[in-house]
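Next, two complexes with chain A in common: one pairs it with chain B, the other with chain C.
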Partner chain A sequence: MNNTFEVVKNCVEEVLSMNGAEEVEIRFDSKIVHDLGMKSLDIAQLIALLEIQYEKDPFSEGATLANVITIADLCKLYE
Partner chain B sequence: MIKEERLLDMSDVGLGNLTEYRLLVLLGNYHSLCLVEGLDIMPDQIVDSSEKLLYPAYFTTHLKIPVTNLIENYTLWENIQVEVDVKRFGSNILDSAYSFNKKASKEELKESIEMTSNSLFVVDATIDKSVERTSSVPKSNCIAALEKSKVVPKALKLFKNIRNNGMLLEFEHIVECPSFEYKIVSNRDASNNHGVIFAKYIEIMDICEQEFLCSSGCLGLPLSIISCIHTIDRQTFYYSNCFADEVIEVKLKLAFEKCEERNLTGEKSELTPYRIIETHELFNKHTHNLVAIAKTTKIVCLSPKYTDLESDINRLVIKQRK
Partner chain C sequence: MDWIRERLQSCEDEVALIEDDRQYLYSDFMKHIQEWTERLQRDNVKEKEVVAIFGEFCAEMLFSMFALIQNGNIVVPISLEKKENLESMLKVARADKIYSFQAETIAFENLKNSQSHELIEQLRKENATGIMIFTSGSTGEGKCAIHKFSNLIYKARKQVKRKALKSLVFLKMDHIGGINTIFSVLFQAGTMVLIKDRSIKKVCSLIEKNQVELLPTTPSFINMLIISGAVEEYDLSSLKLITYGTEPMPTTTLQTISQLMPNVKIRQTYGLTEIGIFSTKSKDNSSTWMKIGGDEVEVEVRNHILFVRSPYAMLGYLNAPTPFDEEGWYNTNDEVEVDGEYFHIMGRKEEIINVGGEKVFPVEIEGVLAQLPNVLDVVVQGKKNPVTGQIVTALFQLIEDEDEKAFKKRVIEYCKKELEPYKIPRIICISDKNFIGTNLKKKRL
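Showing the complex of A and B:
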């Protein structure tokens, strides 16, 4: 769980740094859109980075992007 | 990947020549077909796991045209070859490369027109207004088996950087125009209730550029200059879309420079050409949302019949700045 969170957190930071955003606290219960300010393209990029990390695409296996609200939701898909 | 040879017909070029807008639409068609290649569905049948319709929304395009193979030299019934290769970055970003050329023998083949683009699958909210226009992932049986890319598309970083910093024109003499307004007319610029196709923004940029170059309140160059101007490079970043009846505000900056080289296009009779480098920023006038930013390089090639134009450009643009 902790390891997955760290990997997800690093990927989120990589995406946000590209936006030129100031440092944001990323918690397990952070809401991806409302708390972290990630837009559609950011989320798409995040998923791509996670796919490279885990060599796994949970969305092609049936997961729904609309159900991913928090960092915790995302972590569950890669555990 | 799609590789095809065919004739340019009236649906591509009307009765005349190819234009940048028409070329982008043509490449966009092949891009869409690539997404369902080998499947028993059409591009407008791509859905996500909740059966919501998806379409690829372009967020960058970069068109590069060799000066020896200008778009305007393609005419009706010309035999052409098109190649489109689409890769997926993650589940819903597309990284695409295009090549376009006249069909010719190896010896006669010119350098190809090339384009790259990036797009994102988004939910189509045109028919069902209750759905949110957000990104989503195509169901596995609704998308062709596209090669996966493990490299972050270069234009993605640039897309964000340009949003933060804008496009810079690094020239000493930059002409800044008053902003222009363009109304999106229903069933002319966009179908009713549908967004504007990405290629249309290129056409709007050119309309504003022509207005600036030739209207008496601006540079006031003769109208004949329009047929002498050719795009050789245009990188566009699309940030939002507009719909019929909305008004786009266009901000344009440009710089003219005289090219050192002669006979760029290979036409021996050509006079010294000029280069125009310009940036466009398009906004939705009502919401103030940024719609697109583009940087374009064009050449102005003057044949001997336009000798006077060279003097006009010198008098109205080059000398005026000093």
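Showing the complex of A and C:
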């Protein structure tokens, strides 16, 4: 889990820094939209980066966005 | 086909063709066609047979094509790059015979074909010659379009009033644009300069050496011409006209080339393998807006997509259902903007990226990204995404190595100033591979 969290965290940081967002603490229980302030395009980018990182697209395998609220939810999809 | 002979005869002292250091007058050209006619007889190539000519585009291949047309054959030009698919292409074309032109040798083979197709039979019944052209499909042999020769050259046949410009035959003989150049030049007493190596260096040195006046090319090549700095390096002052087609032109590329070569007229052409090359008229030198049609060619826009109806279109495909509707309209799949009589080609419908309902045209983004320093070329595509449907990705080829992280940062900073957020590439990669395919168009993977 720790490893997955680190990878997801790095990807979130990459997206946020690329898009000029203010620095924010990324925790396991951080809410992607409410706490991290990510917009739809940011989340789209994050998922694309994770797909490249893991060579896996959980959303084409049945995962739904409605169940992805926190970083922890996201980590679960790639573990 | 007597009129072809008459047309060529009427300018026998003019230079028809330049290949390497060799010049052929129209009288030489006719002699070579006659030699080929005799060869066809020796090889027992009968009228109405389907004959493939395969290899590197060269003068001999051109002579053979004219002889085959005069002999009443259906010709299938196939360039060397299609070698991998040659066997399946010959099968689709129901080719009876093949001439292969490779390394100065010409090989003949009787393919012992016993198959035909209703469209081939249609031509045979009409005693008409034909040309087959394969579309550049992303995989396999592509679709095989069969044209009646007289339809394909209707425009070139009509044009006799003025001498054609000395033209570089940039597009190949198995491309609708290449075929168009060949007949437009030769039926108007012009001179063709053949080229095998289509690198910037070779193209520019041939223009300089032979005082070429017309360069028919692609937006991708024009982009490379700008980036390479060749416009300053070579004397290209003989050029009077550059025509471009086959893929959408980024506005920035067009503006830059117009500034770099202010004395050269830049004209957009429009055509497709299936419907031939149309008459066009650009709004001005640096405009991607043009009028399309004329010569009994009708155009119509339905739901932003350009539809065309032409009496000179192909008969159909040999390996796919007819793409024409019941009234003969052809869906070009090109999304267009319309301003009165003028059209602006936005891009192929299937290449348009849909980001959360917003349309993104790859060629527009590529035009913006190509302005970045150290960028040799860039391909923009969509990537499926569960959040926004698709996102924009950009694959760059750089002039010199650069730290990937620093480069990405530079791209994003630039894009934020130039593009709306949904148009900004969210995935940025660097590749050392060339993006321009053998058809001189950008490869979209």
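The rule is simple: the second predicted complex is superposed on the first by the 79 of 79 C-alpha atoms of A that agree within 3 Å, B and C clash if a C-alpha of one lies under 4 Å from a C-alpha of the other, contacts with A are read in each partner's own complex, and residues count from 1 in each chain.
As a convention for this text, contacts are C-beta pairs under 8 Å (C-beta built on N, C-alpha and C of every residue); 3 or more make two chains touch, one makes a residue touch a chain.
Just so you know, these numbers come straight off a predicted model, no measurement behind them.
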item	value
Chain B versus chain C as contact partner of A:I43, first or second or both or neither	both
Touched partner set for A:M18, first chain B, second chain C, both or neither	both
Most chain A residues touched (candidates chain B, chain C)	B
Touched partner set for A:L65, first chain B, second chain C, both or neither	both
Shared contact residues on chain A - chain B and chain C	18-20, 40-41, 43-45, 47-49, 52, 59-60, 65
Contacting residues of chain A [partner chain C, same complex]	18-20, 40-41, 43-45, 47-49, 52, 59-60, 65
Contacting residues of chain B [partner chain A, same complex]	48-50, 59, 89-93, 120, 122, 134-137, 140, 148, 150, 152, 156-157, 159-161, 164
Chain C residues within the chain A interface of the complex	355-356, 383-388, 391, 393, 408-409, 412, 416, 421-422, 426-427
Chain B-facing residues of chain A, complex	18-20, 40-41, 43-45, 47-52, 57, 59-66
